[in-house]
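These notes open a run of structures that come right after.
Shared chain: chain A. Partners: chain B in the first complex, chain C in the second.
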Partner chain A sequence: MTYTAPIDDMMFVIEDLCGLNSVSKLRGLEDATPDLVSAVLEESGKFAGQVLAPLNVVGDRVGLTFEDGKVHTPDGWAAAYHQLVEMGWNSPTSDPERGGMGLPTVVNACIQEMFNGANTAFQLCSVLTQGAIEAIEGYADEALKTVYLPKLVTGEWTGTMNLTEPQAGSDLAAIRSKAEPTGDHYLVSGQKIFITYGEHEMAENIIHLVLARLPDAPAGVKGISLFVVPKYLVNADGSLGQRNDVRCISIEHKLGIHASPTCALAFGDNGGATGYLVGEPNKGLQYMFAMMNNARLGVGLQAVGISELATQHAIKYAMERTQGRTTAGSEETIIGHPDIRRMLGLMKARTEAARVIAYRAATSLDFAQRSSNSEERARHQRRVDLLIPITKGWSTELGIENASLGVQIHGGMGYIEETGAAQHLRDVRITTIYEGTTGIQAIDLVGRKIQRDGGVAAMELVADMRTTARALSELSTNYADWVAICGAVMDAADKVEELTNWILAQRGSEPLAAAVTVLECFGICLGAWVMGDAAISASERIERGRCPMHAKTKLKTVQFYMNNVFPKAEALSSTVKKGAKSILDLSAADFCVDA
Partner chain B sequence: MTYTAPIDDMMFVIEDLCGLNSVSKLRGLEDATPDLVSAVLEESGKFAGQVLAPLNVVGDRVGLTFEDGKVHTPDGWAAAYHQLVEMGWNSPTSDPERGGMGLPTVVNACIQEMFNGANTAFQLCSVLTQGAIEAIEGYADEALKTVYLPKLVTGEWTGTMNLTEPQAGSDLAAIRSKAEPTGDHYLVSGQKIFITYGEHEMAENIIHLVLARLPDAPAGVKGISLFVVPKYLVNADGSLGQRNDVRCISIEHKLGIHASPTCALAFGDNGGATGYLVGEPNKGLQYMFAMMNNARLGVGLQAVGISELATQHAIKYAMERTQGRTTAGSEETIIGHPDIRRMLGLMKARTEAARVIAYRAATSLDFAQRSSNSEERARHQRRVDLLIPITKGWSTELGIENASLGVQIHGGMGYIEETGAAQHLRDVRITTIYEGTTGIQAIDLVGRKIQRDGGVAAMELVADMRTTARALSELSTNYADWVAICGAVMDAADKVEELTNWILAQRGSEPLAAAVTVLECFGICLGAWVMGDAAISASERIERGRCPMHAKTKLKTVQFYMNNVFPKAEALSSTVKKGAKSILDLSAADFCVDA
Partner chain C sequence: MKIIVPIKRVIDYNVKAKVKTDGSGVDLANVKMSMNPFDEIAVEEAIRLKEAGVATEVVAVSIGVKQAQETLRTALAMGADRAILVVAADDVHTDIEPLAVAKILKAICDEEQPQIVMAGKQAIDNDMNATGQMLAALLGWSQATFASEVKVEGDNAIVTREVDGGLQTISVKLPSIITADLRLNEPRYASLPNIMKAKKKTLDEKTAADLGVDVTPRLSVVSTAEPAAREAGEIVGSVDELVAKLKQAGAV
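Here is the complex of A and B:
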């Protein structure tokens, strides 16, 4: 299986659409010049294409074995992981003083898209480790940081996030795992499920971050604390001590990401697993929420990466497979068939739009963290909070549609596992589920991100969209149908404004019933906005003779997006307003009437 | 895995929306009274639920083994097949004089939906046999009929259709298999792929229907003939003779329908497989086309069946899974969550709409075949020809969306194979590909079914849609928002008319680029039409106190459809008109710019 990092498009997006120049003026990111970034992407692109991508198939076919509590990854997996650690790709944004690369989040977004695109099942290990690092960096005391951070940053140790329990999925208030204080530590017990890379032998230790309740904790979400529970205890000198009381009791047999171990972990079956409190008691969920933006952005990027991969494979097949004859009588490759081009265009245009939204969220994360101006920090934080559920919710749903189109383009061969197209559909199918389902993202968008601030963040976005529309209205070069592009962006801004006002005007459950439809509509409208900006930049590049091939294709892709993707926004917006009542009218009894 | 045949809804559709009373006035169908049909559906429903459904999981998990040219089906498979043969369910529409049940096609549509819903991988064996029966019944001489039909009708022997070759998928003009005349028969040689149930041990013989070229045949589609090639030759006394020169060389490892053997067959490796010409030379493709309507209707019904199955499982899970609390503080099942109801509503409303369209196509097949009035026959044949690509193309795309929503409703559990939700997605994913991809259906709709007759059949349909809209406008009972329902149906009729005129007005490749979008738009508009009719019938049933629970839920479901499914028609219709040019503007080079 081949994967080529789309570096031209990535550089176009981060330079022209995310303002890399301004990012590299932020405190601590001064080294992130276009030249350095371009070199980083070349290198990470090579690693993705040459090391990770070739393992993607064996990961899927061979998968994992589980014996005596141990998980064995497929051949080549551990070696590739050691290479990743050695090359320093495990945690690209971490502080150089802790062994990281100190790269901007937006550059890491490219790297994560590449690594996940090349091999999602593999990259999940680092994704989870990055989460553990963020938790410890952000909330643990210096002692815990000193013991755990250095080896997590390099990837010598890996990390996990232990939230879900059988009765507590989307609703973490129902968590029952316990932590009893004893001396300087806690004894953690309980069962956690769906723990990604909860057990494996690629690294010498695994650091579990675990949500559990202290003995006298309040019920519900306000009584959950966060603990560090290492697989092997760590001695005072930093060497590994005895095995902790946590073990993997099973791994799941899943639709996709076969080589990523999804573990059920039992904590404390023999008296209690030694754990250390992170930060303050009862603030576990609050910490998780603070980390959620990065985690959800990561899943959005995963979907963008798999979309890109599926698109590349579909293009390759369509360029090689002959079927039918041209009007001139010669054999025709199916890329000549208009419907194949329609499908490839959908895959390409939506992947590129979703990429920009994700990278813009990442850029705002950089500004929110590092800008010297507090108002700018706050504004970018609002933008992050608004964009995250959209990038997570929309890219993942698109990822499924794109991968499914990839299967379709392959025809009968697409249904044969050896072809590889079906794997992308199976792999990407998880992305709308974990780190909060699309439904959860949508409730977050409508409730926390729009209702709670009275629509301030959404209206700031509308203003930016109108700025793009105005800029488009002033352009009249010959490269594209600017009227159509500009009209779509204006319309997109109007729709976001209109739906925001609709949400704010409701008093019942209608926004909950319509939430996913709102989210999808926002996604498509934001896609129009960023594609509008892409058109402006592309036309400037053509004028300046910079990457003119990429820029000319971009203009066609923007046109395609406006005419073939954007029209759906109208349907969604009308569904939001008309549909909610008839959703709520369907009662449980209506679904049982035929049973 | 459980499956409950939705008999209430099936009876509602065939009685009220397909006019079973008129069907049973057709020649040869006089026995198909509502009482008999209801009894048939009860019995076939039991067989589906009790015999076929329990085997669906083992079929998926255990799948097939292939050794020494033999295919072994999972435990229980052969016994269930023998039971099906014994009970006479193999070919319900076949002539009673040949051992069939002589049921109307529309009643068989219910049975096929049930059997496919309960276990698609199993039922495919009969589906293919029905195709072989139709070919022999329709085109073979009396001698071949006498030898092969009786045992195919009972299912003692099974049948296959051998079209595809590695270089000839959607484009059958590229077929290379050969047939050399010798004495009273032919020696067939060549390789066929993707042959469903091409080899198995459940029946004592397999009758392959094979497309191949005679020595002096013209090139392209006009030089293809159809042959019967039995696995075992049949002696003059009807007993089985020696093994024919056809063998299975491999079976495919597929995304889904694991227990349905998809075979590569080698004909004539040892001198030539004995085959018998069906009908006239060089008419093979013509015969195939004539049979296509039934085959494509069958795949549409398969998708409806799997949609129904996925919906039932999602409802069950949503009724049992607790997550979060109600405002009163008690544990809440997720069916109380508005977004879960939205997803279930989409699954239910679209499945029911697709069911009516498929059954109406089946009803028109009955009339086209059996009406005593030649004008009525012709009109119904036009309707069949128009509805088939829509039912095949639209139900299957919906089937994928529905099964994917089914996974989503299960949350993290949906991604675990043991849950079963993922199997439906994997199984249904083939339906947009085989018997002609969605792209092929769409070209058929736009080219053969609209352009070729100048839109006559489409305009007849528009007239029927307007009849429904008028009837709705005269209703003003209290059960539903008739204005919205009537408005949607009027709008749907306008859109079908408008797109038909658009297609007829084009002179370039635009209709090909827009074809799938046209097809989806037609599907959604026809869905509005049949749901409009369903609302009328449901309100009449409520007045008469007949199945009032089903009828009241139906009205809510219609309302849901109009407000949550139908709005997409606007987007699709606008995409058709705006989008085609920007599809055609994307050239092959544009897809390679990043590679």
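Here is the complex of A and C:
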């Protein structure tokens, strides 16, 4: 299965639409100049295309085996992982003082999109390790950092996140795992499920981050603490000691990402697993939420990566497969048929729009963490908080639609596994579920991100959208239909404003009922905004003769987006306002067949 | 021991080359360019000789347009110690001919005094296969072309060459020009830490004029054409018919 990293588009987005030049002026990111970033993306693109992509099909077909408590990854998996570690791709953003590379989050966003696009099931291991690093770096004491960070950063050890229990999925207040203090550590016991890469043999140690309750903890979300529980205990000299009291009891059989082990872990069957408290007692969930932005951005990028992969495969197939004849009578490849180009256009335009939204969220993360101006930090933090549920919720739902169109373009062959089109649909299907379902993202958007701040962040966004519209209204080149593009962006800004006001005006449960529809409408409107900015930059590039091929196609893609994707926003906005009440009117009894 | 590795920035091997409408050459405007694959093999071999303790310094040299510095950075990220860029053209379409390249490299070798020049056997853009040989003649050094294995023993290099019908192993006296063939090694990926370090390594810039070399072309391109499109095939009814058709076409 081939994958070509879309480096031209990635560089276009981070240079022209995310302002890489300003990012590389932030404290600690001075090395990330465009020439260095371009070299980094070239090499990570090679690694994704030549090492990770060829293993994607193997992972899907062969999958995992589980025997005697051990998980065996497919042939080639461990070697590729060791190569990834050796090449330094495990944790590109980590602090150089801990052995990281200190690259900006937005550059890592490109790398994560590539590696996930090439092989999501494989890359999940590093995604989870990056999460564990962030938790330890952000909240653990120096002693824990010294022991665990260096090898997690290189990837010699991998990390996991243990949140879910059978009775505690979206509602983590229901967590029952326990931690009893003893001496300088804790004894952790309980059962965790859905633990990605919870057990494998690719690395010498696995560091589990586990949510559990202390004996005197208050009930509910305020009584959950975070612990580090290593698979092998670490001796004072850094060498590995005895096996800790944690074991994998089973792995799940899943719809997709077959080669990513999803483990059920039993802690403390033999008296308690040795664990160490991260930060303060009872603050575990708070720490988890602080890390949520990065984790959710990561899943959004996963979906963008798989969308890109599905699009590349569909384009390749559409250019080779002949069906029907042209008007001139010769054999026609299916890309000659308008409906195929409609589907490919939808895949391409929405993938590119979702890419910009995700990369802008990443850029704001860089500014929120590193800007020297406190007002600027706060503004970017508000932007991150607003964009994360949109990038997570919208990119992943789109990812499914795009991968499904990919199957459709392959026709009957797409339903057959050999073409590989079906794998993308199965793989991307999880992304709307883990790290918070689309429903959870939508509630987060309307509740925490709009109602709680009285719409401040959303209105700042509307103002930025109108700035783009104004810039578009001043363009007069004949490269594109600027009136139509500008009109769509103005309309998009109006819709976001209107829906924000609608949400703020509701007193009942209507915003909860309409939340997912609001989220989709916001996604499509923000897509119009970023595509408007893309059109401005593409037009400038054509003027300067810089990458004119990419820029010209970009302008056509923007017009396609405005005319074939954006009009749906009208229907969605109307659905929000009309639909909410009729959702609430349906009671549980109305769904009861026997009644 | 110092090793010089000349590298050329060429059209990327994945790009489908298109001929310019006026037939003067391949269209390179806004086309992805990268390191000539044979040169990548040469860089890898030089780095391996350094890692094995045979060489002490690897210097990458490129001749061409200013953008070739990106290609040199790739060599530095793979592990070369420093780089020299000789700017000899403003337009990416200007191909510096092998004799001019060899003269420039001679001037660099006079300054740098390497024991080995490890070059690619040819560049994939014009397939000249001439620079290494010309450089050996200009310097009066030994040459070992089409190398598939290189060992350094004392003052000699033992080089296995890929020749028609098999392998030939020769011993050449150092200093020598060695040109890399496809099977010499498999080039490494540049690691992220090395890409970051490459940015800080020395990259000196000179011009052909600084080295006193005239790069005016001596050859003129008469025409450039894309290969003829493949004609439609034909399904034959039997083996006899196939043989008859092949005979008719003069193929058997």
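Simple rule for what comes next: the second predicted complex is superposed on the first by the 593 of 595 C-alpha atoms of A that agree within 3 Å, B and C clash if a C-alpha of one lies under 4 Å from a C-alpha of the other, contacts with A are read in each partner's own complex, and residues count from 1 in each chain.
Methods note: a contact is a pair of C-beta atoms (placed from the backbone, for glycine too) under 8 Å apart; a residue touches a chain by one contact, two chains touch by 3 or more.
Note that the coordinates shown come from a computational prediction; the quantities given were computed from them, not determined experimentally.
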{"item": "Contacts of A:Glu43 with chain B and chain C, given as first, second, both or neither", "value": "second"}
{"item": "Touched partner set for A:Gly88, first chain B, second chain C, both or neither", "value": "second"}
{"item": "Chain B versus chain C as contact partner of A:Met101, first or second or both or neither", "value": "second"}
{"item": "Touching partner for A:Met549 - first (chain B), second (chain C), both, neither", "value": "both"}
{"item": "Contacts of A:Arg452 with chain B and chain C, given as first, second, both or neither", "value": "neither"}
{"item": "Partner chain(s) touched by A:Gln312 [first = chain B, second = chain C, both, neither]", "value": "first"}
{"item": "Which superposed partner A:Ala588 touches (first chain B, second chain C, both, neither)", "value": "first"}
{"item": "Which superposed partner A:Leu255 touches (first chain B, second chain C, both, neither)", "value": "first"}
{"item": "Partner chain in contact with A:Arg176 - chain B first, chain C second, else both or neither", "value": "neither"}
{"item": "When both partners are placed on the shared chain, which of chain B and chain C touches more of chain A", "value": "B"}
{"item": "Set intersection of chain A contacts, chain C complex versus chain B complex", "value": "549"}
{"item": "Contact set on chain B toward chain A in their complex", "value": "4, 6, 8-9, 164, 167, 169-171, 173-174, 193-194, 252-256, 312, 315, 318-319, 322-325, 333, 335-342, 344-345, 348, 400, 404, 407-408, 411-412, 414-418, 422, 425-426, 429-430, 432-434, 437-439, 442-443, 484, 509, 512-513, 515-517, 549-550, 553, 556-557, 559-560, 562-564, 567-572, 574-575, 578-586, 588-595"}
{"item": "In the complex with chain C, residue positions of chain A that touch it", "value": "31, 33, 35-36, 38-40, 42-44, 46-47, 50-51, 83, 86-89, 92, 101, 547-549"}
{"item": "Chain A contact footprint on chain C (complex, rising order)", "value": "30, 34, 70, 73-74, 77, 189-193, 195-196, 198-199"}
